[in-house]
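Every chain is named by a letter (A, B, C and D) in the order it is written, and numbering of its residues begins at 1.
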Amino acid sequence: MIVVMKAHATEEEIQAVVRMVEDLDYKAHVISGIERSVVACVGDERGAKHQLTHLESVAGVERVMPVVKSFKLASREVRPEGSTIRIGNAEIGGKRLAVIAGPCAIESEAQIEAAADAVKAAGAHMLRGGAFKPRTSPYSFQGMEGEGLVLLEKAGRRVGLPVVTEIMDPHDIDLVVEHADVLQVGARNAQNFSLLRRLGRTNKPILLKRGMSTKLEEFMMAAEYILSEGNPNVILCERGIRTFETATRNTLDLNAVPLLKEWSHLPVVVDPSHGTGIYSLVAPMALAAIAAGADGLLIEVHPKPESALSDGPQQLKPARFANLMKALKPLAEAVGRTI
Amino acid sequence: MIVVMKAHATEEEIQAVVRMVEDLDYKAHVISGIERSVVACVGDERGAKHQLTHLESVAGVERVMPVVKSFKLASREVRPEGSTIRIGNAEIGGKRLAVIAGPCAIESEAQIEAAADAVKAAGAHMLRGGAFKPRTSPYSFQGMEGEGLVLLEKAGRRVGLPVVTEIMDPHDIDLVVEHADVLQVGARNAQNFSLLRRLGRTNKPILLKRGMSTKLEEFMMAAEYILSEGNPNVILCERGIRTFETATRNTLDLNAVPLLKEWSHLPVVVDPSHGTGIYSLVAPMALAAIAAGADGLLIEVHPKPESALSDGPQQLKPARFANLMKALKPLAEAVGRTI
Amino acid sequence: MIVVMKAHATEEEIQAVVRMVEDLDYKAHVISGIERSVVACVGDERGAKHQLTHLESVAGVERVMPVVKSFKLASREVRPEGSTIRIGNAEIGGKRLAVIAGPCAIESEAQIEAAADAVKAAGAHMLRGGAFKPRTSPYSFQGMEGEGLVLLEKAGRRVGLPVVTEIMDPHDIDLVVEHADVLQVGARNAQNFSLLRRLGRTNKPILLKRGMSTKLEEFMMAAEYILSEGNPNVILCERGIRTFETATRNTLDLNAVPLLKEWSHLPVVVDPSHGTGIYSLVAPMALAAIAAGADGLLIEVHPKPESALSDGPQQLKPARFANLMKALKPLAEAVGRTI
Amino acid sequence: MIVVMKAHATEEEIQAVVRMVEDLDYKAHVISGIERSVVACVGDERGAKHQLTHLESVAGVERVMPVVKSFKLASREVRPEGSTIRIGNAEIGGKRLAVIAGPCAIESEAQIEAAADAVKAAGAHMLRGGAFKPRTSPYSFQGMEGEGLVLLEKAGRRVGLPVVTEIMDPHDIDLVVEHADVLQVGARNAQNFSLLRRLGRTNKPILLKRGMSTKLEEFMMAAEYILSEGNPNVILCERGIRTFETATRNTLDLNAVPLLKEWSHLPVVVDPSHGTGIYSLVAPMALAAIAAGADGLLIEVHPKPESALSDGPQQLKPARFANLMKALKPLAEAVGRTI
C-alpha cells in the first residue's frame, strides 16, 4: 500500500499515519517528495485484517493506493501451466476448444431434443439450456424450472453431451446438481456472494459469467469466492459489459480474454450471443474470441428462434450454427488449437 | 410494439409478420413509408405472453421497438398522489424527510451504541448498520452476522429508532425479519430475482438499492418483482452508478430522483455515501439530493471512521453529520419539506 | 511516481529501473515488499520531460502509478480563496449566483428578442444562444452563423445582458470575440487542444464544457491548456456525461461540482438542460446543482420549444423558467448564496 | 418517426400533433392502442428540415422515436459490394489486409528511420507516425510538428511505404496534405465537425477514429460529414471506447467491426494499441480484429518503447511486431483474406 499525504500534511500527521500503519502489522517507509510525502507500507496486503483504505479518512491523507492485485487462488502464479477441467468426455482449458451450445431457455421436450440433435450434429461438445431464467420483468416467461432440468438432462444423455444450466437460487442447488454437469452463474448474480460461497461447496464445475459492470479484478475475486470454499473448477465467461453503446445489446469485451489468461490459470470462454444480442454478429465475434485466445464458446442455438420465448434475436438457427462450426476449424488451427 | 421492416422487405415478409403478430393476439397495422414499412402492433404489451422482440429474428425485420414502459404496479398511474410508508414512528414519502444513518458495518456493541447515540442526537429518523456485508474479496471482513443483528436491534430500541439492515441470502430472511424494521437489498443484488420474490412475501418494508449498472426502467422492474408478490412497501434508493469516472467511487445519478418520482408512486431516497465514496462530498450531495426532490437520505456515520472495518473513506464523523443535519433544515424548507 | 515491479523481477531489473529513473532526474528509493518491490521516484512529476509511464514497457515492471494530480494553474492551491470572473455587470464565482439563459440556437431576430425579453424579465444575468451549432448530422440545421452572432449581440445589448455563445472553429475566433462577451467551448470540443490553445490567447472569458467522456482530471487539464496560454478566465461547466442510462439524454454528474470546487479555484456552473435532455427535470436538477455548490446555471429557454430547430425537448418555456428563478431564491439563501 | 402519446392524451392533443406533423410535410397515421395512441409519421426522416424530436415538448406527447438510421452516403445500400481505397501501392477494403504500423510519435530522424525499416521488413503496408500529438496535458511532449512531417515523409519514401499522420488543427491541413498520404482524425476530434468538413474538401483519404464515447450511429454521421463535402475516401477506425473497466486503457469494441461492415460500404480498421494500452494484448487483439472481419490494422511499433516520449506501454518492439505479422498470415487465410 502507498499512502499519499496531502501537499500540506504536517510532520505530526505523517507520524500518526506511520503509527497506525505499524499497528496493523505493516512496516512504514516515509519518502519525502518535492511537493508531498508518501508512506510506503510493506506487509501482506491481501492477508492483513485491514486493506488500509480506511486511512483515507485520517487527517493529512489524500489517497491510499493498493500495490498488488487482491486475488490469490485464481492467480496464474498458482498454476502457471493453466487449468484444464474435465466434464464427462469434454474438456475445457486444454488445446482443444470447447463449444457449449443450445437454446436460451428450455421451452418443451420437442424443442430441447431438436436443439440437442442440431448442436450434436454440428460438433458441439456440451449442451446448454436454461430452466430457471432471470428475466427483467416478473411478467415474462421464467423458465420450466424442475421440469426443464429433467428434459435437459434427458436430451443431453441421449446425444451424449454433458449439460450446462443456470442456477439462480441457493435453494435449488441440490436439484440442479442432480441433473446438470456444469452449473452456470449468470451476469446478474456475478456478485451474489452467498450463492458463490454455496457453489464453492459443491463438486460440480461452475461456469461463472462476468457481470454487466464487473471490473476484471472484481471478476477474479468472484471466482476467488468459489475457489476459497474448496471447489477448484471455475470457468470464467466473458459475455459483454454494459456501456453507452446501444447498437448492440452489450459490448463484448474481448480484451478480457488475453488479460484473464495472463492473470489466471482458469479457463476462459466467451458468449457472443449475449455479448452482441444480434444473430448476424455471433459468428464473427465467435471467431474473434478464439483468435483472442479463448478456450471455448457459449452459443445460443434454437431450432426456431423466431418463436423463442426469450432472447430470440440473438439465437442461431441450426444451419447457421453448423456453418460457424465449420468456420471455426481452420481458425482454431491458425492459432494452434483444435476443435 | 412497432416492428420496423428492412428497406427491401418483400410484401410476403410483411404479411408473414402480420400473421405472426396476430397469432399472438395483437392487432397489426401496416404503414408504408417512403423507404420502408413499419407494422404497428396494438395489444397489451405488458400482459402478452410474448414481448414480440423475438420477431427480430424473422426474415425482413430490422428492429422491434416497445412503445410502453413495462412496469405496472410501481407506476405512478396506480397511485398518483404517491405512497407514504410508515415505519414505527418514522415515515417516508410524505412531506417530512427521512434520514437513515449509521455505520457501514456493525463492528462491536460499543461502536453501534456510540453510532446510535450520535445519529439520534443529530436528529436522524432511523438507524442503519450492516450485519451481512457484501465484500468484493472473500478475505475481507464479512460482518458480524446474527450477532450484529442483535446488537443493532438493541441499539435502535434503546434510542427509539427503527433499524435498517441489508439482507443478502434468502436463507437469512426469517432471522433478519425478526430483528430489523426495514430490509435493505444492496446494489449487487438489485437483480437477484429469487431474493426479490422472497422479500415480496414478507411484511417488512424493503429498501431497494439501484444496481451499479441498472437502468431506471430495470430498477422499476426490480421493484415490480417485490410488489407483484404482495409487498406494497418498497423504497427506491439511488446510490450511484458505475461510469468511466474514477475520481469518485460511483457517479451519483440525481437525474434519477425527479425521473423516478415522475414514473412511480414509491418513495425515493438517496445514498450520497456510496454515491461519492468521499466523505467531503457527502454533505453537498445530500443537500443536492433533497433539492432534486428525494424523500430521504441514507448516510453512513461512524464514531471513528479512521479505524472502520469497511468503507472508512466515505463515513462521516458524528460532528460532521450533525452539521449536515443542521444544513438540511433550511434547505428542506426552501423546497417545501420539513425534517 | 511509484514503479511497481513484477513479483519475480530480478535484482538486475530493479537496478535497471533505478538507473533509468535517475537518468530522468528523479531520485529513486527501492522498497522491498513481501511479494514484490516498488521503486518510489521523487521528482517534479509535472515538470519532468517524462511522466515515466513508458517504464511500463521495461522488463520486470508491472505498473507505474502517478502520485500527484497533473494540473497546476487550475489548482485551488494557486488561489485558495477561489476566482471570481467579472463579465459586464455580471459576475461568476462570488456569493451571487449567475444564471445564463436563452435558446439552444438563435433561429431568427424575433425569436432571440423574445427570448432575451423573457430571460431578462425572469432575472437571468446573461443571455445565451448558439450561432454555430455542433450537430450530429450534417443534414441538421447548423446555426445562423455570423448573422446569428449579430442578432445575439443586439438582443443582449438591448436588454442589458452580456452574451455567451459557442465557438467551434478556430477560424471564427475573431468574429466571435467581436460580438460575444463569453466564448463557450462545447462538449465535443472539450479536448480539441488546438482550439483551447487559441482561446487561451484571447482576452475573453471561456466557458468550458466537460466532454461526454472526460474524466474530471482531464477536464482540469483542458482548462490548463487555456490557462497556460495566458487567459486566466475559465468557467468550468458540468453538462452531463455519457453512461449506460438511456432514460435521460446524459447523466448529470453533480458529484463533479463539489469535487471541482475542492480541486480548483475556477468557478463551476451546471447545465441541467443538456444534463437531462428532458424539460421536466431541468428545474429540480437546477436546484440540486446550486445545493451542491455550483456558482451558476446554464438554462435553455425558448419562447416556443415545440417548434425549436434543435433540442426542443429540453428547452424551458418562459413561464417555467420564471418559476424556476423564483424557486432558486429561497434555495440559494438556504445554502448561503444570493441570486 | 413514431410519436408516442401519453396514456391520458386527449383527442385534441392528438389532433394537434397530427397538424404539426403534416405542417412539416409528413403524413400522419393515428393508431389507437389499448392504453395509448401513437402517431406514425411517414416522410423523409433524413431530408426533412425537422427530425420531429422537438415534438417531445408538445402537450400530450411522451416520446418521439426515429425509425430509420440517419446516415445516407456512408450506408452500405449506396455501394453493396463495399469500397476499396487505393493509397499508392497499398489498398484498403479489398481481400488483402492492410497493416499500418509505426511509432506513436515521431521523435527524431533516427527513430522514425529505424521504425520505417522495422515495419517494412516485417511486411507492413503503410507507415504511421504522429507529428502533432493530442496530449491530455499541455506540459507533455506535443510532437515535432512540421519538422516531424518532413522526417515521416522522407522515411516513408525511402522504404516505399505511404505515410499516415494525424491532423488536429484545420490550420495545418495544407501542410499535412503536402507531406502525408492519409490524414488521420484522432478520437478526441471525432466530432470536431469544423475539421471534418474541411477534410471533406481535401482529396486525401481520411482515417477517421471513433471517439471514446461515440455511438456507432454517431460515428457513421461523422463519416457522413466528410463524405457530404465530396471526399469519398473515408476509412473507419475502431480504437476502443471508454467504459468503467480500468484494467485496460480502453475497451476495444470489436462488435463494431461486423456491425459497421453491415451498415456501411467503408473499410474498417482496428487499432489494438490504443484499444488495449498494454503491449502484451496487442497481438491477440490484432488477430481477433481480423477474425471479426476488419480490413486492416493500425499498430504502434517503436524501436525502443522503454524510452518513448508518449504511449510507451502500448508500443511493440520490432521483433514482437514481426512475430505478429507472421501469426496474421495463417489467420488471414482462415477467414478468406490475404496479407
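Details
By our rule, a contact is a pair of C-beta atoms (placed from the backbone, for glycine too) under 8 Å apart; a residue touches a chain by one contact, two chains touch by 3 or more.
Treat the numbers as computed from the prediction; the structure is a model and nothing was measured.
The chains in contact with chain C and with chain D alike are A, B. In terms of C-beta pairs in contact, A-D outnumbers the other of A-C and A-D. Relative to chain C, the chain whose mean Cα position lies farthest away is A.
Look at where the CA atoms of chain A average out and do the same for chain B: the two points lie 25 Å apart. Taking each chain's centre as the mean of its C-alpha atoms, chain A lies 30 Å from chain D.
Centre-to-centre spacing of chain A and chain C amounts to 38 Å, using the average Cα coordinate of each chain. Residue numbers of chain A whose C-beta contacts span two or more other chains: 213, 242-244, 246. Interface residues of chain D facing chain C in the complex, by the touch rule stated above, are 20, 46-47, 49-51, 53-58, 70, 72, 134-141, 168-171, 188-189, 191-194, 197, 211-213, 218, 221, 224-225, 228, 242, 279, 305-313, 315. Of all the residues in chain D, the ones that touch chain B in their complex are 2, 4, 7, 29, 31-36, 38, 40, 42-44, 65, 67-68, 77, 213, 242-244, 246. The part of chain B that touches chain C in the complex is made up of residues 213, 215-217, 241, 243-248, 251-255, 257-259, 262, 275-276, 278, 280-281, 284-285, 287-293, 327, 330-331, 333-335.
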